[in-house]
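Some notes on the structure that comes next.
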């Protein structure tokens, strides 16, 4: 099978769906002729023109609110934030309008709107260009949150997002953008709410979020040499969250660790832990544990930056600690 | 308020029962569902569970153990921390919550003091901590976990502790480094622990063991699509032993039918006589153990094992009983049956049954048998071919006792209705030939048909 | 008063009838609020009826209207029956938003009412998005935003007007300048109280009209809609008007405006003045108005009965319609 990068896979999905659905248009800063800061729309402007690849002024609230109106009136907008941090300038439009529009209209309006952006800590991007923030949105009804960890998932999940009628946050971790993986030529979609069992195992379950999947695989490769067998689950979509796959795994292993780059308080790990406690308490042989990045704004210096995110060694140690519980 | 624990009515017609064992002892913490004691009523041994939580108190002057007492007899109390039972302090029957601390046993005092001092918000647990999963597994396997030592980081009982207890095994004490080394080198920690009972296994032990037996078992990766569960430890042991038995012995099974009428009468008489007794009435297995021991005295070659190129004949009989438990087949052992009375055998076997049921059999209880009896009569099995319990030489299979019409005398055409039973002896032909084995079985048969014969010696 | 238009009698009377329907509905809602039939908020449009009426007279059900917290008049003028508005405020299953919205969240996509909103500002952006859809889908519709003077100090106003202007979107921005944002005077809140002038700085067409003169509004809106449909981009219409009831029913309406000011504006009531004008012009007679009055009264009486007799929504449906499927 051919190998392509995460960015290429996502761009293929966008291209294929723009071809298929003429009511899709993209807005963002520099996503027109320039092709996007992260090459998210490279080559598409030439193909689809300015009406469908619309460079915007720097008005996040403005174009997000505008896209809400467009989505209510027959278009399928894609907002390309470049850096997902910038969504915060439009949060009122997202939370009060986009997420609630279908509900307020008793299902008579649809909200086919995809909001994409680059997330995550890395590359000395410093604190205004390193945001994750997705737990905030998982908290809210009416928004789907998608966080692929590899090119295959990126393409399949993006296509599902572009075909649905709901608002979707499609989040691309900057450390994954150039990572390569197998992506078939044939068309496919990956449904939301279906976690991937990255690796089967018996002794413990690790739910790894986004970029942490790779680090967890690395850690578990080391543990495998000690005959410690860890099941790795990648939820792929955080809203909806496939809790049943996690529960089944915990039923098997009795031990659960959630590894997430972003903050612990009120985060994905907290939510998963609470649900597993409520629904799988009698399967737990140890307290559910979390490994998160530090609860701090992101520093610039690479040395400081590396200190605020979990690395493979810490994942490995956390699994050891979990097994010792 | 102290809760009174009375002799329970365990059957529709039960009027009295015998407390044969205290499972909880004075001062033990107890929680709902835990077994307090064992009562023998006219049919069976019954484990009596608590409905309450608190501290189990047995009156100091209690003499009910082993006695047949009427239903409703006061046996014990469950009190709350800091509370005294009515038998303490004064002779009046009212429990006094404000009783002086000095009346409370030291172990309880500590709890009570802490309780008061920390104003009920404390981390002192009356019971050991246990993971929810371990608690669930304990419930599934019938393991009483309150007495287990946890191997979790904070002493928490985790699943592996419960499963080990279910296997009747004490989890080996092993350092984390040694555990990792054992995993890496493929050393069987359980087997190693058996070789060095009571010692803590270190990495040096593991490495030495690996050098001595460098067979490293590579573990298979569990694959998909089917429901797979790890082989429980008990089943692993059973599987290993059965396979070893079949592949290393030369088993031959002899079968004969026995007239057990006298044995049945004997057992019935003993039971009748035992009605006024408080001690356990010998079961068929107890009687069979004793008479088989007597037969083995005349046929010591069946009380033997093969050790390399030597036959080791045991001068004592340690009788194993194959026992079906929730955890699978276990073979607890009564030692020196040649030197024990039927009464002693009966008492010991009753205790073994209890321990087998609550998962508290010790490794000693399960090792060292020289001969095994396996009885499937209660399952309406007539004849079967037992598998030799290595390293023993032979195993006696006992079928059910059924009344049958039997020809007593051909000449006079006399038939009678007799209690008949099949026996099967599987022996290892490597150690003993067919004829001597048959003679042994013949003697067992005679001892069953004429029980007084084995009472001579 | 503006010059007359060359309309048929029926058209003149239709404008009158629409204003009267709004007025009588609002009066009924005010009474119902006092009677405890409305569990939540109720912002009436009394005094401002000419604006919604004059604008919506030019719209088809395919044109998308986005409105504010004071949106009953826009809903009615866009074609929502009074009974659905009243039932909604009563919290009934037959309400225009099936009981999920209330006074500030009226939705009827069937007639092009894409929602009223409890948040000031987003409607400007959403109407801009509807304009974008119109252009992308090339369907000849217009997007219309109704908002107050308060919204013109909000970022959404400036971002939305700017986007609509740079992309020549078919959008009508209708600012109902009633001189107070809640109870804060517009003259206090901005140095430039001429909203139309502010709009012009974005390079768009804009005009200010007497918002209590339905014919003036009608004419300005007619021009704006024609320009938009013809591809000449957006227009802002500032209608200078006044609400003669409190900001919301049951709120203390004192301290921020004088009784003299209120009385002066009551004298400029858009409905009675329009009636006098039509009588003076000889377009219609008293019997015409009596007939309309009776018809509207009957409509509102029936609507009230309908609302009172309508069932409440099924509580088990409280979390329905969050997503499209």
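Per-chain numbering from 1; labels A, B and C assigned in written order.
Note that in this section contacts are C-beta pairs under 8 Å (C-beta built on N, C-alpha and C of every residue); 3 or more make two chains touch, one makes a residue touch a chain.
Note that the structure is a prediction, hence the values are computed from the model and not measured.
Least step count on the touch graph, subunit B to subunit C: 2. Note on interfaces A-C and A-B: more C-beta pairs are in contact across A-C.
Note: centroid distance subunit B to subunit C, computed from Cα atoms, is 85 Å.
Inter-chain centre distance (subunit A to subunit C, centres taken as mean C-alpha positions): 41 Å. Averaged Cα coordinates give subunit A a centre that lies 56 Å from the centre of subunit B. In subunit C, no residue reaches two or more other chains under the touch definition.
Looking at the complex, you find that subunit A touches subunit C at residues 23, 25, 51-52, 54, 56-57, 59, 61-75, 77, 92-93, 96-97, 101-112, 141-142, 144, 164-166.
Considering their complex, residues 131-136, 152-153, 156, 158-159, 176, 180, 183-184, 219, 221-224, 230 of subunit B touch subunit A. For subunit A in complex with subunit B, the residues that touch the partner chain are 200, 202, 225-229, 254, 281-286, 321, 324-325. Residue ranges of subunit C in contact with subunit A, taken from their complex: 64, 66, 97-98, 100-101, 105, 107-110, 114-115, 117-119, 121-122, 124-137, 139, 141, 143, 155-156, 159-160, 162-163, 166-167, 319-325.
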